[in-house]
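To start, I am sharing the structure in question, which I have written as structure tokens.
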Amino acid sequence: MGEWPLIAGQIFNGFSVASLYVLAALGLALSFGLMRVINMAHGEMLMLGGYLAYLTLQVVPGPLGILAAMPVAFLGAAAVGAVLEATLIKRLSARPLDTLLATWGVSLILQQAARNLFGAIGVDVRAPQWLNHAYTVPSGFLEGLTIPATRLFILAVAFAVMGALSLLLARTRIGLLVRAVNQDRGMAAATGINVRAVDLSVFCLGTGIAGLAGVVLALLGPVTPNVGQSYVVPAFLVVVLGGLGSLKGTAIASLIVGLFSALVQILVDVSLTQVLLLLFVIGFIQFRPQGVVAVRSRALDA
Amino acid sequence: MDMSIHRDTPTPLTGAPLSGPMAGPRFSRPVALSLALVAVAALAPWLVSAYELNLLARFLAMGLLAMGLVLVWGQGGVLSLGQGVFFGLGGYAIAMHMKLAALGEGELPDFMVWSGLDALPWWWVPFKSPLVAILGVMLVPGVLAALFSWAVFRRRVGGVYFALITQALALAFATLLVSQQPSTGGFNGLTDFQTLMGVDLGSTAAAHGLYWLTLALVAGAFLGLRLLMNSRYGMLLRAIRDGENRIRFLGYDPTPFKVVAFTIGAVLAGLAGALFTLHAGVVSPALVGVVPSIEMVIWVAVGGRNSLAGAIAGTLAVNLAKDGVSSAFPDLWLYALGLVFVLVVTLLPGGFAGLVGDVADTSWAKRLKSIIVGRSK
Amino acid sequence: MNATAPASHIGTIDPVTNLLLAVDGVTVDFDGFKALNGFSLTLDRGTLRVLIGPNGAGKSTLCDTIIGRVRATSGRVIFKGQDITHLPEHEIVRRGICRKFQTPGVLSGLSVVDNLMIAARRDRRWWCSFRQGVDAEEKARVADILETIGLADRAHIPAGQLAHGEKQWLEIGMVVATRADLLLLDEPTAGMGPAETSQTAALIRRLVGQHTVLVIDHDMSFLEQLDARVTVMHQGQFLKEGSVAAIREDADVAAVYLGRTKEEKHG
Amino acid sequence: MVMRGMYKPVGLVALLLAATSLSAPVAQAADAVKVGVLQSLTGTMAISEVTVKNAEILAIDEINAGGGVLGKKIEPVVEDGASDPAIFAQKATKLVQDGGVVTVFGGWTSASRKAMLPVFQKLKSLLWYPVQFEGNECSPNIMYSGAQPNQQILPALQWAVEKGYKSYFLIGSDYVFPRTANLILKKHIESSKLKVAGEEYVPLGGTDFSAVIAKVQAAKPDIIFSTLNGDSNVSFFKQMAAAGLPSAKLPVMSFSIGEQEAVAMGPSLVEGSFAAWNYFQSLDTPANKKFVAAYQAKFGAGAAVTDPMVHGYVDVYAWKAAVEKAGSFDPEKVRAAAVTLDYLDTAMGKVKFAANQSLVQTGYIGQLDPTGQFKIIWQSKGTIDPDPYDPLVFPGKKCPAS
């Protein structure tokens, strides 16, 4: 087995990791684009999704449990997001940096609540048998390249979520309202749009997607009280790279981060990859401070 | 005038500016108060036990970092979630020197030996000199902070973005320290220090001396930062916080002002890290990562992001509470810490310094006071 | 004023004339929408010019382009014979252009006098900000401006607590305090009553001569009080130039404005 | 006035300080002796260390129920190390200097032990450290009951060599223990003329193994030796299974997966994989049955019992035996007595402290069954003497004679 399968495998892994980051970062980017706030408890929405998957699997065991878990996690996390938005984010909307700190507090509380409810050691969520196999290239120059079905499944979920979201934003009335508020908050409010309701729905949608992401992350990783923390910092970097809350920007930024990490890992270990990734991001904003997708308009902040 | 931020409309910190930013006569009373406070604190070695003195010294060292955050975050509006990095750099700089100072000719620190190194890494070599180490405590974090913040601010990346990037910096730095075990001591960090410039660190005299050194630096930084905040620089920094573009279109370049604030914050963090390392006897990646870095911000949030004294008080209060509560009620501590984040930031953006200011200004407080005083008679 | 900065070679423009500013064929393209489309304008030293045009004509974008907040897609901005098209904003300001924004851009956390002191500061390099003490000349100038804009008795309250009209005046004061040669005043009378508007017009007329002033406004009575040459913009392009009276009578100007004047006044 | 607001908080803290310094230690009953229990109750390590604290408290309670030590009841003082070495050092000082404890049981990470070491040396006290570690350390003020590398890692290699595995892939979390363990393993594998197929590290808590698994697939080893820590194990086994490499296909020998971790990960995920320890819950001895029953009676019927827990438990009993032999609570005398004790019959079998203050104990290999318990499939021939310095990797290094 030569170099090629390894490189091809890493390109696939780059896409796979990117799909995880897209799912983890999408909700974050959505509410950041609209409300300019970052929810530091976003990682705990992923965690919540994992635990909801665990609970669902207790009720619906069997091969299709994981599919049932996705809507449950979406709704559960969206509900928690609604509470968070209505009680906290709303009050702090004019102070984005303070929102960061306050939601960090929420994240500590949610982690400890999970510890008290489910125990510190985590729970068991397993990929069903129909996902637990891999496709291997039998011959040719890519001989030995292995593609796990679970990772394909997560890629598919990521594409489906992005597709659904862009349809929602482009084709529905809710999407129209979101775009209106996104473009000019004051004007939208003046034309009678209930800006508060739009904020609330988008925030819920964002946390819901995080809940959904939590389910698929549980297929490849642990479900523990602090699992959110291990995904949330890369998700933040995706938001920084992606620019202001555009779907396209988030997807491209995830892909950049995923491919960069996967390809650099051929040469150096994972620890060093993290450092190089940060340097890459700082280097990147030297050239494109506004992120992958620039929003160029007259509405610059005075 | 009140020292606190009042909700979203920060009140200025300067006195009557036409009579100059250093409104003269007002300065004497606070100076007298400061001196009295420092004098009382200087007596601590005879008032508290050796352990409590050590604890106080550690927390005062952290207070140095907290005051830096007042400048960076309170005055400059720049939220750094990566102060642990600079704290760690200062700590490691002094720790490396102490490790080297304990060695004989040609010896290596033990962790290097069992990591398979046979020569000292080049960047360790200068730290043999105590002078380099002491300068390094300030210069290494200072230069890194200046370069890093300049690279980010000059592209006008700030606010939430900057906070997130500093958090990634904290994660990357901690990971790097852990993974480069042969030259950093890895997860274990550096510990077991014997002497600093010939002084036996285990002695009571050293403990007292280091405490006084910390206290002196805290007092010095307090006065220095007050001067700075009352200077035209301080005024411009606050102006940039409130309207960066307005300042830019008045012909100022905001970038260096923010870079200077961030760098001063980092130098203070580095000093704090070095002092903390001397008091704690250990420096490790556990002090520099994402979680400790954000906890540093909460000390300041609790005390008051615009109050130097509040920042020290907040640091002492949060850490004393942690010391007391986390052993007896570990679960409760985590809930409490989370709630403090939420409540202080939401309801008390000026921290307790702001609260105290507010309360002192309201007439009902005076009435309450008179009632209490009246009753006690 | 700033001899060390590299001066680009000026082709058609003769630096010895009275010319202060030349906007030379500037186009600004926002994702296909041309806010400015090959627009040119020249201003002589010590003159007053009024810029009008319907919403979206590109008036604010022109100010933004001169001051560097928006960058020209093509074309040049020449100030005092030097190309400033690509200079950083603060460099442009230091060369002598200052702008009042449409929505008052005062520093609400600082006191009125601090706002003016910051604007009046001649040396704006960061390393000079650590010095203690106040320049006597700057202090006198600020006191003078405080009198002029009528805020002397409110000098020490936070600027955020001023009424809207007072904020406008404060910002005009700040712009003047910078000693800029060219003042860009974007809607200086927005939110003002007739009496305040007249005072503002008088103030601006006093500034002319010492400064070159470019005013953007819609209020016809204000324009008449200013009594200056008027340039009319439409869809990012030059439409007409002339005296207030001539512009008033002009059929083309009437055509682009017709039926829209009322809403303009509120915008 | 400007300053009034500024100085109030200082007054507040002065009050707080006064309060703490006034909270004088509760007067100690004449018939009680204080010992410290110092584990992380918060932070990332709490998950593991709380169970060790439980086991230590259990032993103390049992001894108290049986009459105490030298006629005194043991009074445990529990402190939180908060997963932070600096706090471990701080709390160790607090316990010994201000808390008046005669000895301390605690620590898990090497980082916490290294931070506490100077404290115990300076204050001339004694720490009982219960977790397997990388060796390379001998302090007269620490009793090391956890395995030295030659008591856990090398027995595992010996077993694998006996089983005929030729090609070894080393995967670890990126910190001290895995790095040192793998350094030792590499030397021994190479000196046995076998092959190291690869060596990979992921950051502590890392969740992405895609690249590591790709490298494993490329190297095609016979067995993986894993020093992964904590949650990373879950990600590793899930992603191995997803890549079509369950432990049935490619065996994994873990050094940090115990009964507790196996239950948390879902036993079916790790079923069939191997682990090397000096104790398994399934150990079939009367002493162990009694210990497990007592633990589960106190902390829940299904509670898992692990190697570090039993070491913490045994430490307390070893301390008691040493105190009784010395006839004193003085740390110096207790230490001298501890290394001259005869074999104790404990839940983990016959153990005693060697002259280098590490524990003489047996090495076991277990294979995980579907219930999360280990089936013991191999054990060392008799007890193994602890050797803090591997002679192959660190020739000539020895503990200073104590």
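For clarity, chains are labelled A, B, C and D in written order, and residue numbers in each chain start from 1.
The criterion applied here is as follows: contacts are C-beta pairs under 8 Å (C-beta built on N, C-alpha and C of every residue); 3 or more make two chains touch, one makes a residue touch a chain.
Fair warning: this is a prediction, and the values are worked out from it, not measured in the lab.
Participant: If every step must land on a chain the current one touches, say how few steps get you from subunit A to subunit D.
Facilitator: When the steps are counted carefully, the minimum from subunit A to subunit D is 1.
Participant: Can you tell me which chain pair comes out on top for contact count?
Facilitator: Result of the pairwise contact count: B-D comes out on top.
Participant: Using only alpha carbons, which chain's centroid is the nearest to the whole structure's centroid?
Facilitator: B
Participant: What is the distance, in whole Å, between the centres of subunit B and subunit D, each centre taken as the mean of its C-alpha atoms?
Facilitator: The computed centroid separation for subunit B versus subunit D comes out at 34 Å.
Participant: So, what's the distance in Å between the C-alpha centres of subunit C and subunit A?
Facilitator: So the centroids are 46 Å from each other.
Participant: Report, in whole Å, the distance between the mean C-alpha point of subunit C and the mean C-alpha point of subunit D.
Facilitator: Chain centroid spacing, subunit C to subunit D, equals 72 Å.
Participant: Give me the residues of subunit A that touch two or more other chains.
Facilitator: Each of 229, 269, 271, 274, 302 in subunit A touches at least two other chains.
Participant: What residues in subunit B touch two or more of the other chains?
Facilitator: In subunit B, residues 175, 178-179, 243, 245-246, 334 touch at least two other chains, as defined above.
Participant: Which residues of subunit D are in contact with two or more other chains?
Facilitator: Correct list: 46, 174, 201, 203.
Participant: Can you list the residues on subunit A that touch subunit D in the complex?
Facilitator: Listed in rising order, the residues of subunit A that touch subunit D are 1, 5-6, 9-10, 13, 16-17, 119-127, 131-134, 136, 144, 146, 148-151, 219-222, 224, 226-227, 229-231, 261-262, 265-266, 269-271, 274.
Participant: Report the residues of subunit C in contact with subunit B in the complex, numbered from low to high.
Facilitator: Residues 67, 69, 88-90, 93-94, 98-99, 101, 105-111, 113-114, 117-119, 121, 124, 126-127, 129-134, 139, 142-143, 155-156, 158, 160, 174, 178 of subunit C touch subunit B in their complex.
Participant: Any idea which subunit B residues touch subunit C in the complex?
Facilitator: Where subunit B meets subunit C, its residues are 9-12, 14, 16-18, 20-22, 227-228, 231-233, 235-236, 238-239, 241-243, 245-253, 256-257, 260.
Participant: Which positions of subunit B touch subunit A when the two form their complex?
Facilitator: Subunit B reaches subunit A through residues 8, 77, 79, 81, 148, 151-152, 155-157, 159-161, 163-165, 167-169, 171-172, 175-176, 178-179, 243, 245-246, 290, 294, 297-298, 301, 331, 334-335, 337-343, 345-346, 349.
Participant: So in the complex, which bits of subunit D are touching subunit B?
Facilitator: 1-10, 12-14, 16-17, 20-21, 41-42, 46, 78-80, 82-86, 89-91, 93-94, 97-98, 109-111, 114-115, 117-119, 122, 134, 136, 174-176, 179-180, 183, 201, 203-204, 393-394
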